[in-house]
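Take a look at the structures below.
One chain, subunit A, links the two complexes that follow: it is found with subunit B in the first and with subunit C in the second.
Take a look at the complex of A and B:
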């Protein structure tokens, strides 16, 4: 499995707020051919409860459908939000993209 | 105030300006052509008169010589002398007119006529005047040849002048035709401009009518929205007033304080809440949470969640178990995401047990130590049916203070780390101050520097020293806030 073929990359950045709900929801739509998803949130600095809801529901539904999801979180502000919102305990969070891709590659071979 | 002209009006005005400019330019052009043609005609007329006078002057010269030669009467020489006197000036005038009119052959023809006349004077007239009967026939034949040449030159000049006169007439005719075209064009253009302006005015009237209708529709909808908003606000105010009339439990060993503030008037009914319910054996059930969103829907979800939490506590007040039961009910009811923290305070044991569901970490301040965040990290309620919530237990000391809050307290600048840092400062400041309302003190420290951009709720639990606890009256009645 290689990046760009069967790993779908979704990239979001900046401050994720209620005003961007539609954009976030559209970005987080999965297609039937997705075998794994890299959710690149490297540039996200903040997410309000509405945006967190979208992210959480996406991760939960992917998990339910046995689609591996790896989140890339780099900014310390957003990492703290992710930590207390419970994403860190329930989903795979990585500090860089390569580690996330390596995890998804391993998931595919298992 | 600057008013902008509409594009059609600008186009119409531009078209009219262009039309006026074209008419002025056309008028100037026609006037220039006519003036030039008139001046040329004057020159041509004067030149043709001069050419005719020159022919007559030369005829006078010839008549005078012939008469004198025949009868030798000096009186008959008068025409000769008159012709000689005026002919040079007439030929100069012709040369000048030819140059002015740009007739290329005029200069050559006038020069030839002048030279021919001089030859006639020298070779014919003078011999006939001086000697009677000398080769009369030969001289007259030679004179006829020269006179014919002179007249041919003058005829050629007159023909050129005549052509020029006709050309001038033709130019004038074209100029008049051009003037007619301009006039007709102006009339057509004015009609077109008037038609365009009328069409534009009609469209403008139609658009204004549409805008008026749209504006009226918008006003009607705004009035409807306002009415709907007012209705929702009345419900929200009622709910909020009920929420604001909170009485916190009073019991020995702990002192509670709380504050709640909506972000704005429009968001007065937010999704944040807190509850403090006294349980037997000097225990207090605490709950604080935040429903994603605002409005009646959030308020309903908030109140149902509160009821579920308190009902669950009656079954088993273990915080983790409470959250798991409530989560199952919320998932079944398809509620929005809710972050919450449930806690149980044991005033006798100075113990605080809690479980958090996607909620910001509580703060614990203990005398002699820095304020710190307690451990959290489970999913919010209403997200996953498989979510498990661990119960954390914290053993505290007299004088310690627990602070529970909602995310608006730390997310005012959208930088959670700086928000948490400020919260720790505020908690320590409130603990040092030891006032009657530490929740309010914390709120004031934080929002003295920041705008309240989201609902905020703060709930503090102060573990009192035995001496201070003795001063607090026993409250045996189970009370619930809100």
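Take a look at the complex of A and C:
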């Protein structure tokens, strides 16, 4: 699996919160040819439970379709709110894009 | 932090006002020299309480005034209290899988959480610790 061919990258930045719920839901879409998804959230400065619910919905739906999803998270607030919500085990979170891509590549061969 | 400092805000209970209220609270805490980690936590918990008002408070309410109020106050013991209140109706729902993370997040951050539904709903959150003590 090579980046740019079958790994879809979805980038979201800024504050992911209730005022952007529809935008987040619209951004979190897959197409039939996607074999893996990299959610690049490196530039997210804040996330609330509304955003987490949308991300969880997307990851659960992708998991049902056997599509691995990796999240790139760099902001301390985002990392903490995932812990506070008890969702640390629900997402595959990485601190940088390379580690996330390596995970997705491994997932493809398993 | 200076005891007696307080911030009061009134806004329509609409989603576009949640971020500006959070930003105002963050600026208030920054002015009081609260460290960034504690500031993030307080604004995260408060953001959840505000989002609950926007999503649920007025769904079953006939009230013409659909607003949300925020009061943040420091006391002498180095304790920060944040009150988020509305004039709507509190909806007690069964927990659903994949939902209800807001209150869980607040409980993980605040040392005390009270929800008073006597008139509208008032969510009271208390935050304590060295981050909230007065800087000398």
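Note that the second predicted complex is superposed on the first by the 108 of 110 C-alpha atoms of A that agree within 3 Å, B and C clash if a C-alpha of one lies under 4 Å from a C-alpha of the other, contacts with A are read in each partner's own complex, and residues count from 1 in each chain.
Here is the rule we use: a residue touches a chain if its C-beta (ideal position, glycine included) is under 8 Å from a C-beta of that chain, and two chains touch if they have at least 3 such contacts.
Source: prediction; values computed, not measured.
> Determine, for the superposed arrangement built on subunit A, whether subunit B and subunit C clash or fit.
The answer is clash.
> A:15 in the overlay: touching subunit B, subunit C, both, or neither? Say first, second, both or neither.
In the superposition, A:15 touches subunit B and subunit C alike.
> Where does A:27 make contact in the superposed view: on subunit B (first), on subunit C (second), on both, or on neither?
Neither: A:27 stays clear of subunit B and subunit C.
> Look at A:89 in the shared chain and tell me whether it touches subunit B only, subunit C only, both, or neither; answer first, second, both or neither.
first
> Should A:99 be classified as contacting the first partner (subunit B), the second (subunit C), both, or neither?
neither
> Of the partners subunit B and subunit C, which touch A:67 in the superposed model: first, second, both, neither?
In the superposed model, A:67 contacts neither subunit B nor subunit C.
> Once chain A of both complexes is superposed, is A:80 in touch with subunit B (first), subunit C (second), both, or neither?
Both partners.
> Is A:50 in contact with subunit B, with subunit C, with both, or with neither (first, second, both, neither)?
Once the two structures are laid over each other on A, A:50 reaches both partners.
> Where does subunit B run into subunit C after the fit on chain A, at 25-33, 43-51, 295-303 or 349-357?
Given the superposition on chain A, subunit B and subunit C clash at 295-303.
> Going by the contact definition given at the top, which residues of subunit A touch subunit B in one complex and subunit C in the other?
15, 46, 48-50, 52-53, 56-57, 60, 76-77, 80-81, 83-87
> Which residues of subunit A touch subunit C once you look at their complex with the stated criterion?
Contacts found on subunit A: 15, 17-19, 21, 46, 48-50, 52-53, 56-57, 60, 76-77, 80-81, 83-87.
> Would you mind writing out the residues of subunit A in touch with subunit B in their complex?
15, 45-46, 48-50, 52-53, 56-57, 60, 76-78, 80-81, 83-90
> How about subunit C: which of its residues touch subunit A in the complex?
Subunit C residues touching subunit A: 15-16, 18-19, 22, 37, 40-41, 43-44, 47-48, 51, 54-55, 98-99, 101-102, 104-105, 108-109.
> Give every residue of subunit B touching subunit A within the complex, in rising order.
Touch list, subunit B to subunit A: 290, 292-293, 336-337, 339, 356-361, 376-380, 383-384, 387, 407, 411, 414-417, 420.
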